[in-house]
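Lettered A, B, C, D and E in written order, each chain numbered from 1.
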């Protein structure tokens, strides 16, 4: 064993002392060294670890009203300190940062509160360590989160969905989460790189951090709120307009002659068409609201109007017939 | 090897003895130390491990009647004792708790009995150990569980779904599961934090623990029962009302003149509309009940009524025709 | 290193020798000891390992006719011997069983032959070892298996699905699978704990074990056969009855007057309704059978009957018209 | 440490030298011995590793025309040589084969070229090593593969799908893949054990191996071609027949009287029914072909025929009316 | 321990020194040697690692307009240098390349920017190392990527989707990505091997590499752009043609007699048919565009035309009736 390790040392010394491995050797950073992974990397336990967090929305992938879920593709940037990592870059030919595998270092247990489907994909395999002890982590993540939708004004609705970052176990005096950039900057950045927005127009994004009491101790949380407006033009073209057209048709049926059955047949057909459109709408809307959405009121209203007008036609027809029958009777009496 | 370890010891001694690592060193808690992972952490095997368990429902994600599954997003809190973990916090500058990776310690093999799709996502990466040997574990989990639904009163039904925690292998005298908070407290907490309730209104949550005999030895189980009421307003607006409207239309067809074919055509059209609505309902309801749900009885009843009234119209039409034909014959005879 | 291990030994000796760890130390059972995992745990290779297997069906989750798959949630119990595990429980204060992590011991490579979607979820994390060398393993598993369905008698069909346990590689003289309980006991147990049965009524479950020759050597297999009857009441209410109703309507159209077009219109409408119902049925039934199911024959028969009656009506109408036209001609000639 | 290993040796020597572990000890086959996993197990690098491969189709699970995927459940058998494994079975009481965990030995990097969804399930946990150095591996696998479908003759089509085995990196002079059994044998075996065939009848299976040049060096590939015929009886019953029925109805409408509107109404209704059937067909067929399938030509043809006949009826009606109008004019002039 | 390793050395020396293991021993390449995995493998940290990247599209699996995702099956080839790997092939009987497990060497952290569902499948298990320090990696991958679709010209649209390779953390001066082959070569290769193209015709593929500034430092990215044309023949056959047919029918209704209700009934039926076709189209098209696609304009236009012509018919009918009524009045007055 010894001859082997001597051999290695020899190779490294023969080379100029500017390899990344030299830094790692100086730090004793190996996969086996448990000091770096077993606990929060502070020399004095009263020291707080400050985590700088930043999130940019790269794509709004899906917003499912029926499932009340919001699916976004986000870029996450995290930065925190590690007391055991420190070197003088001048001792190592100016190496100021080394990129090392993720599993050799402690990572904060940050989770997204609303996330209802955990990301099973492997995370970024590397971390960047800086000579002053700062650790940098970047990751791309699909966030499938629960979001309470308000479909009252559908299809002209604006939705707000939260993405809340928090630690599972660390209290505020151990791990404090800070925001790096303010709301307007991340809004602007997200707007610039947004690749796909699905059915939505990205309106705005705000970020706040606050302290909450979670079962016995305070924790800091960071809440990103994403505001989106629905693109309603195709919904109008496919639901609102056709229904208006059919209402229009129904009104024009006034011009049809009263007596015959064709008016009733025409009105029944139009009523059936509206029923079909109504059923399609109900497939799109969630059954989750306790308040009936405006668009359902709109369709049910038109449906009701047509129904009443159909009933009225039937009654009028009946009365006309009665009348003519009595006239016939009168005539026959007269005769 | 020796120079390296000396070096490390030197660094640690130079720093004040308040690092978390000092506690771990004192406990000999390393990834390689199998005492902590190989068996239940009691010094005397007759000692019982008591597990305090708590669950809060964070979101009701889906209730699929057709699949008889209930999907919830829950927060689980567990706490148990470990005889091998004990330190005097005064010896370590007041450190009373350390957060360590999950894989270095034994964890109870708690499973959810009804869970039909195992959670493939990684669990919380850390555990909190306390100076008195208490271990604290927190996790967020999606529970996809089997739940026998009763759709008899659909859409005015109330469902009760169970989430049962038990150990795979430990008997009651080895692992005993206790409830930390009573039913009313967890009900209240769940109601407060409930983020999304899907199509349901969370009514209540109860928790009981009992002892069952599982193939040879007693085990403690903890049963959480979640009671939910369906939000029925949109179902009424989309199914119950339109069918009533069509029944109404069918009644008004009495006012149509008997003789012509238009009455029969009108009634047939209305019957078709009800058939279409009935088919949509059957897509929503599961074929799992041996009792026909009330709403199906309701629709089949209305369907039957309309059918009978249609048949009656046809027969009456026929009789009138017969009658007039015989009158015509009589007339022609008279003539 | 030495001071550390002395320290540990000291702690353990100070405690009474009743810790589980003492047993493991006695057996030299550690994660690094490859004797326990590298090969079948018999001291003499001519010894057979006998595996006792038991399966209970906890839930029938889905039976997909169109995919020919059967999804069940089962509880599996396995028990086998390990020659390297043996201790006298009196030497260890009466400890007769220890629960250890699964990965430290050899496990038989039992697989389910019909399983078409492998279970990606982690298995039970622990095994129970007994002082006489018996190993006990319990697991809950979702079994997604291929099952040849016979839909000829749909919706009054009874299906039989097999779950076959076998070893990948071990021959019969190495690993023999035995059944612990007989068919009637596991049927009874399954019936008792069955949580959800989906669209089916659990009828019976039988178990047999046999020997098959698999590419060069004999292997024992254990076949569990699950027999289920479909709950047909809702299918009757939604397909069979409405079609009968429409057939009924079609018969009553005999009473409509012959001459006018309304009879043909009425019959065409009823024919369309049956076509729609037929299409829905075809969505439910698989295209997998080479024999046409009875229900399709039933619907096609009724469809054909209606079609013929419609054609007959058209022909009769035509003949009546011809007749009256010739009479008119005759009349006009007479005149 | 030393006392422990002495102890172990003692136990093993006390037992007869017929344990599998003795063979492994002789081979120095341990998890830590990297000779067995780091590189292709040949003593002289110019030696070729010959891999015997065999595949049997156990079930055709799905053939999705719209996705152009073919899903089968196959049994794979592989056998190759390892120069580092060799023992005289007479030295070990006749032990001629040992079953060891998969991860302790090198395995060829065989992949299926068409596979579009990688199998995430764990593979068979064991390999069988023979005393002459042969390694045997068996696995069950779901193959989800891309397959170019030809739907031109739907529903009377025959599809051929390939499953191509190749190595990621090894050239032909390093790893050569050989077929164990010829096409007729595997065809026969597959036909015997086929558990489910979905919508298809398994026709034949052929196997060929060839050499291809892949970016710089030759590789051997083995191509299994599976030929299947669609079961078309239900497709005929549900699409082809009803459309013929409706065409039939349309022809019979010739017998309806010309003048009135009822003929046009009847023909329009039949045309609508065919439109609905056409739309259902388009849901089943993929949009992937650049040639229009025969069945679409068939339906479009019938649709066109009906349309023309409807237009002709309208024109004839118009001409008759014109004629009678001019006759009326002539009459009124005459009068 | 020492006797064992002596033993091994003995075996290896007895064999000719042409085993792959000899090369690995020379390089000290073992799983435990962290020099090869902990950091970028350059001896001088100012050396740039150049990564040659190549991608060929093997299959276009799916293009989902409604989800705005593009799913392709690609072959990726990567090649980079490792300063720690170097041997003289003449010293090792001419061995110029060794294939070793992937996990023993550093791999660049290349990710695909648009990828919205991470590949959970295991990657190719081996890397090829060359005697000059070049590392070769090949992999097959499913890429599920976000792609902004332009459906304005549907179904005659051409889509361009990007696949962008970049490093998570490495700056341009550390890791530079180069393209091996130019656009025309990879286009040609992709066209040759394309197994399935789904609904699309592969048109062209271009590749460019550029430098972007990502949060503080420059990174090289490589963008592959895939251009595809939709196969529109079936869309034309199923949507565009039938709608034209129905428009045609509507025009011919001019020939129907004005007075009766049959003209209105006919026109209403045709209008309903177009409504149904319109709804099906809306299911296919995404609601994601802010501009209404041409095909929707086409259908809405035809729908509007028919509606206007229907209204006009109703009005004309009304006027004719009014006129005849006034004539009747005039007549009766005259009488």
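The criterion applied here is as follows: a residue touches a chain if its C-beta (ideal position, glycine included) is under 8 Å from a C-beta of that chain, and two chains touch if they have at least 3 such contacts.
Going by UniProt, the chains are A, B, C, D, E = 5-hydroxytryptamine receptor 3A-like.
Being a predicted model, the structure only gives us computed values, none of them experimental.
Steps from chain B to chain D, taking the shortest chain of touch contacts, total 2.
Both chain A and chain D are touched by E. Of all residue numbers seen at the chain C-chain D contact, under half occur in both copies; the interface is built from largely non-matching residues. For this pair, chain B with chain C, the centres built from the Cα atoms lie 22 Å apart. In whole angstrom, the spacing between the mean C-alpha positions of chain A and chain C is 36.
Contact with two or more other chains is made by residues 119-120, 265, 269 of chain C. Taken as a graph of touching chains, this assembly forms a single closed ring in which every chain touches exactly two others.
Starting at chain C and stepping first to chain D, the chains sit round the ring in this order: C, D, E, A, B. Of all residues in chain C, those touching chain D in their complex are 28, 34-35, 37-40, 42-46, 67-68, 107, 109, 111, 113-120, 146-148, 168-170, 174, 215, 261, 264-265, 268-269, 272, 275, 278-279, 282, 285-292, 296, 300, 303-304, 307, 310-311, 314-315, 317-318, 321. Touching chain A in their complex are the following residues of chain B: 4, 7-8, 15-16, 18-21, 24, 29-31, 59, 61-62, 73, 77, 92-93, 95, 98-101, 104, 119-122, 124-128, 136, 138-140, 142, 195-199, 201, 231, 233-235, 237-238, 241-242, 245, 248-249, 252-253, 255-257, 260, 262, 265-266, 269-270, 273, 276-277, 280.
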